[in-house]
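Presented below is the structure to which this report refers.
Each chain carries a letter (A, B, C, D, E, F, G, H, I, J, K and L) given by its place in the written order, and its residues are counted from 1.
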Amino acid sequence: MKKILILNGPNLNLLGKREKEIYGDSDFEHFFEQLKNDFSNIELYYYQSNVEGELINKLQEVGFEYDGVIFNAGGYTHTSVAISDSVAAISTPVVEVHISNVYDREKYRHTSLMAKNCKGIITGFGFNSYRLALTSF
Amino acid sequence: MKKILILNGPNLNLLGKREKEIYGDSDFEHFFEQLKNDFSNIELYYYQSNVEGELINKLQEVGFEYDGVIFNAGGYTHTSVAISDSVAAISTPVVEVHISNVYDREKYRHTSLMAKNCKGIITGFGFNSYRLALTSF
Amino acid sequence: MKKILILNGPNLNLLGKREKEIYGDSDFEHFFEQLKNDFSNIELYYYQSNVEGELINKLQEVGFEYDGVIFNAGGYTHTSVAISDSVAAISTPVVEVHISNVYDREKYRHTSLMAKNCKGIITGFGFNSYRLALTSF
Amino acid sequence: MKKILILNGPNLNLLGKREKEIYGDSDFEHFFEQLKNDFSNIELYYYQSNVEGELINKLQEVGFEYDGVIFNAGGYTHTSVAISDSVAAISTPVVEVHISNVYDREKYRHTSLMAKNCKGIITGFGFNSYRLALTSF
Amino acid sequence: MKKILILNGPNLNLLGKREKEIYGDSDFEHFFEQLKNDFSNIELYYYQSNVEGELINKLQEVGFEYDGVIFNAGGYTHTSVAISDSVAAISTPVVEVHISNVYDREKYRHTSLMAKNCKGIITGFGFNSYRLALTSF
Amino acid sequence: MKKILILNGPNLNLLGKREKEIYGDSDFEHFFEQLKNDFSNIELYYYQSNVEGELINKLQEVGFEYDGVIFNAGGYTHTSVAISDSVAAISTPVVEVHISNVYDREKYRHTSLMAKNCKGIITGFGFNSYRLALTSF
Amino acid sequence: MKKILILNGPNLNLLGKREKEIYGDSDFEHFFEQLKNDFSNIELYYYQSNVEGELINKLQEVGFEYDGVIFNAGGYTHTSVAISDSVAAISTPVVEVHISNVYDREKYRHTSLMAKNCKGIITGFGFNSYRLALTSF
Amino acid sequence: MKKILILNGPNLNLLGKREKEIYGDSDFEHFFEQLKNDFSNIELYYYQSNVEGELINKLQEVGFEYDGVIFNAGGYTHTSVAISDSVAAISTPVVEVHISNVYDREKYRHTSLMAKNCKGIITGFGFNSYRLALTSF
Amino acid sequence: MKKILILNGPNLNLLGKREKEIYGDSDFEHFFEQLKNDFSNIELYYYQSNVEGELINKLQEVGFEYDGVIFNAGGYTHTSVAISDSVAAISTPVVEVHISNVYDREKYRHTSLMAKNCKGIITGFGFNSYRLALTSF
Amino acid sequence: MKKILILNGPNLNLLGKREKEIYGDSDFEHFFEQLKNDFSNIELYYYQSNVEGELINKLQEVGFEYDGVIFNAGGYTHTSVAISDSVAAISTPVVEVHISNVYDREKYRHTSLMAKNCKGIITGFGFNSYRLALTSF
Amino acid sequence: MKKILILNGPNLNLLGKREKEIYGDSDFEHFFEQLKNDFSNIELYYYQSNVEGELINKLQEVGFEYDGVIFNAGGYTHTSVAISDSVAAISTPVVEVHISNVYDREKYRHTSLMAKNCKGIITGFGFNSYRLALTSF
Amino acid sequence: MKKILILNGPNLNLLGKREKEIYGDSDFEHFFEQLKNDFSNIELYYYQSNVEGELINKLQEVGFEYDGVIFNAGGYTHTSVAISDSVAAISTPVVEVHISNVYDREKYRHTSLMAKNCKGIITGFGFNSYRLALTSF
């Protein structure tokens, strides 16, 4: 059975509480339970941290063993060379996802430092972005 | 039954012939037949053109009637304000797809003028990008 | 009697259908009939295309014979060196018009490659921009 | 009867004396007399100043009372946030005009800070730019 | 009684030890005691961390409950999209403060990614910046 | 008794009349009377001009004698080297204030040429910005 | 016998009619007849279009079969990623030519998106650029 | 006898009072008396203003009659298109002077908008810059 | 005996596992043992963290007491103002090292925010960069 | 008989020894002998120097007397205003040549400061670039 | 008696021969003879070279002994860090001169790398620039 | 015995005479004698030139024979494509060294065109940079 980690970066623990006009009003924990139901043939894991380095720690921990990482790095997407290096360094393929359409928001959200090191990028489908990413493995 | 158009821009008619290290070696026609088999509950259409304005013509033709467009605008993705305006003008949702990971190629491929007007963007999964896009409708 | 061509670029055939908060809700055909009534001393022609090269073809066709062209190049205004070259190459004077105030929209709409080759530019008066342009001949 | 102010910025008092190959050789006072004759149904006023702040003073003075301002801000067009703010702050609509085709001159003349706050912009028709602007009210 | 958190970012624990010509030579702990004395009608809290994500954790912890945060994000002010997102996500108003006049230092200190999401910004008054911020609540 | 000048730049005489969603709807004269009441131990003066050079004249007039200037230079904040030089040239400390959060508005409002020469900067607290500035002296 | 296509882009059908101080006053058809005479050992073809996509169509049509293409893409040289991609996709070598010295004209003519994918580039020799290109095969 | 105007812009009335390490400690009035003595064969005039538009007024007043203007535009040198236009519009030759070496100061002082319209530029010789300028007529 | 800390930033714990064509295939722990042998007259310490703030914590901990820090900040080199501030704040001299020749890699690796605050920089000698750095104390 | 100088800049004396994958493996001396054989009706000269100023000396020496210069300025192409001025100053026409396709290499090789002053530019044909240049005279 | 060197850079040996519309038609040798006559109280020397390094050699040779250098570095003005360093390294004051008004020419001539290290800069007075420079010592 | 060349660029012959606060006050000749003593097992050579092309000549002369070059290219580091090409062309490894910390000086000193072609780079250790470079061979 494939092992896939869903990895969420800063402020994504506030989903459902924060800026609902952008991110919708259901929280990620409920959504994750649904996902586990719907993809019962995959061993699904979930980790969230606001700390850049802890995301790197997690990537390194699973990155030579799991079958895939679905990674929404939030604000670190646009600024972190360290995370991008980490994605390049591990052997597990990483799919970058975004809930909102970042290209319809501030200019500094249009750039992803890690995208070039990812297997693919899925942007703008709401929580469905995670679902599509799962389908890609 | 949903009606979805797959719309391919310039040079995508050469898939399978051209730069196989980037785009793989199967051609799009075969792939399209597979898609129709696999998504038999969707009325699938396909159109390809090298002419920017003909892509706009097609978008306008289906854009108030179909249920979705899956659009790989090729080189026009990065340069065409006219196509981006067209995507914004129609009411049918458009999903932008790319076969290759454009963020791992030349810098001018990192910018999409139309992305902000799309329902979502799927990049880098090979032909699978189209398949994921279909799943999103 | 003077011969004047009104030349409309991509997506302007959707006027009245598309983004009404920007472009108003009457279509161009009705407006053109009014114009012909109001300027009965001018031989008025109308051509629209979504294809960059067809706009060039038209400019070349009338550009050594008509008395004027009123040209709304839509999205090609900001990106087309080829159209700008065409305006420079013909002897008929061209007036650039825009329906909306492009300076109050996205930054990439603030630049016109063809403006420098035009007789004048009229921006932001709604359909009235065409009327003012006609008055300028 | 509508009240319209024609407002001219720095160096436009030299029209007819200065750089005739760009601006023509008639002075603005004669032209203004003609305008008053030709638009006898409009109460026309004229004010010129080389001082940025005096142009703002004038805009504020008429800006909640007159029916329109036709404004050639000369060199301040490209550099004055303060004038642009002033145009935004008043309720009278302002039409920006330029005598010469600024897009065929130095690059720093291609940018107008105030355009986005104007009702419309008319550029490059010589003194006729003012006449077209009047027609727009 | 209002609850206000003073939140200090990286290297601000060195105040009084480090670069005294820029930051003065008293340490923050003493200053905080004074503040508590002087603003006895406010419940004052203090937290400092060098870790970007811990600052986000703290913002999230207090950000739906306290009455205000006075935030000196130090070097993260200029680089952290994640912190800026966090400030936007919480409901507690945040006042950005700086001890030194950042506009008189290196160019990269002139930009604050989080300023647009703050209630206000106070810069350059030394420790007094915190005092003024407190007065603003 | 300390002598402090409040100096307001272009269009700030329209406060209460103009763009109320940004600046609120009370006018500055009433606010100034309140300030004089509340800070009765300070000799408070007020001057407003739309003319860049008159603001410089005023700065020079009080700049070697008063105890402080609270300066909202409006649109000149972002464009005037001359005003910035003037602030540097005088010996009276100047506090830069802004009513609105300029960092949440157009990009050209994010830069202040004079900030580096000021004692401090206070931004975004509405009329309260002036009050905080007074407290800083 | 080698088969070579001369491919001319937008406005080059106006050669001899247009801007003679830049392009000279003979038309391309006469020149092409001369070329056929002078290079009688080469099977020479000629195609011109103002439509970007038709140039791509032509490149694809001959691009796996002819021995060479001599390509003056006119204004599309500087803006078309799609044409550049097309040149890269075909196996026939392409020589980029320009009649005028583009480096002595507007700045936006100094950049060629397709040059990197060409066999070589020949610029500035008038019609002789085509002749030199032929010699290179 | 030649008539020459020395025209000084903003803050130059503070010379001798302000930033003595940059500008020296003698005031301009004394220096002007010396100049009149030393160049007794020239009719010398002096005018200073902090107001951009008043400098333009002065240039226009003398600009078709005097034999030369020696112009230190201070901070307006780097920002004023209007003054630059004024220098271009008049027939009297203008020599731009600077007391300090502007190239050894802030970057925004390295650009002069008016230099291209001047007869010559003299920079960095202290008050001697004016003396050299006088010698140039 | 001198006390020197070797401080390694994000992903450097993967040395020997990751991207061996860039970083070689021996791990840092073995190398560190060698170093301790070879520089037996120095008290050598080693610390690695993926967390930006923990690197700052460590710098502050040793930065007023040790005789030197050899710091490879990995991806944080190019993005962290906070780390750069930390290097400036401490009194212990820091030598910046890089294993690979960063100037032969992506453009964003060519900039080091902390270099200006370091005693020296050693780049591109493989693990030998650390050895040379040790020699420099 | 025409006199033509082939002028080679820095490092071109290493042809055949250096970076053979870019420049091929034959040296220039042999090639020059062939050229003299093949173009026996032209008086051919050859000069190479690594010194920027010596290339200028040579251009000046032959530049009012020879019938043409074929100039590969190597690395100076992209950086030397002095050489570009020299090409402009002489009356002999200069043809710029490059062996490799500089547009397929580093970005800084895409700019030629001297191209605008040349009769024409030939790029990317290997040693054949020189041969084509000779044919152009 | 003061010793002053006039130092001319690349292509200035062509004065009188080259581009006479920019530089006039007398040569520098004649002008130098006049200068020696007119400034008989100064020991005047002259040196010209097209080689950047020879100009540096000369600066070093006289730079700790002469009383002044008048330096027209031609094209090296805009590109040479090495010459700028040399001017900074010597103790003899250097006056930068230009014959033409460089600000009315190409943009890359508007920047001088050495200006900040010079005693003063004199630009645009023709040969008279040298004369004014001499007067400044 | 290894043969190593120390190659110094422009103005480095002034070491000990020039700007002692940056470069220290001992001259390079004495230092070189020490080096020869301390590294008696290496055949050490020294060459200095102010002429860019002579540095290239030297690199070519030793570049296929010596075991290493320690190269301080001074001002040419930041501007010379030709020197960078030369370092790439030779087979002898080159170590780039700088005496001062160039990252703490002017911005244009932060870029090295040749770094990417070097074996390694050592910056900021004073004369010790050369010593460390020697140790690296």
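Note that in this section a residue touches a chain if its C-beta (ideal position, glycine included) is under 8 Å from a C-beta of that chain, and two chains touch if they have at least 3 such contacts.
All values reported here derive from a predicted model rather than from experimental measurement.
**Q** Under the document's definition of touching, what chains do subunit G and subunit L have as common neighbours?
**A** For subunit G paired with subunit L, the chains in contact with each are J, in label order.
**Q** So how far apart, in whole Å, are subunit H and subunit J when each is placed at the average of its C-alpha atoms?
**A** About 47 Å, centre to centre.
**Q** What whole-Å value do you get for the distance between subunit B and subunit K if each is reduced to the mean of its CA atoms?
**A** 61
**Q** Note the residues in subunit J that touch 2 or more other chains, in rising order.
**A** In subunit J, residues 51-54, 79 touch at least two other chains, as defined above.
**Q** Between which chains is there touch?
**A** Contact pairs between chains: A-B, A-E, A-I, B-C, B-G, C-D, C-G, D-F, D-H, E-F, E-I, F-H, G-J, H-K, I-L, J-K, J-L, K-L.
**Q** Going by the contact rule set out above, which residues of subunit G touch subunit C in the complex?
**A** Residues 9-11, 13-14, 17-19, 49-54, 74-76, 78-79, 108-109.
**Q** In the complex, go through subunit E and note every residue touching subunit F.
**A** Those residues of subunit E that touch subunit F are 101, 103-104, 110-112, 115-125, 128-129, 132, 135-136.
**Q** Residue numbers of subunit L touching subunit J in their complex, please.
**A** Residues 51-54, 56-57, 60, 64, 79-86, 88-90, 113.
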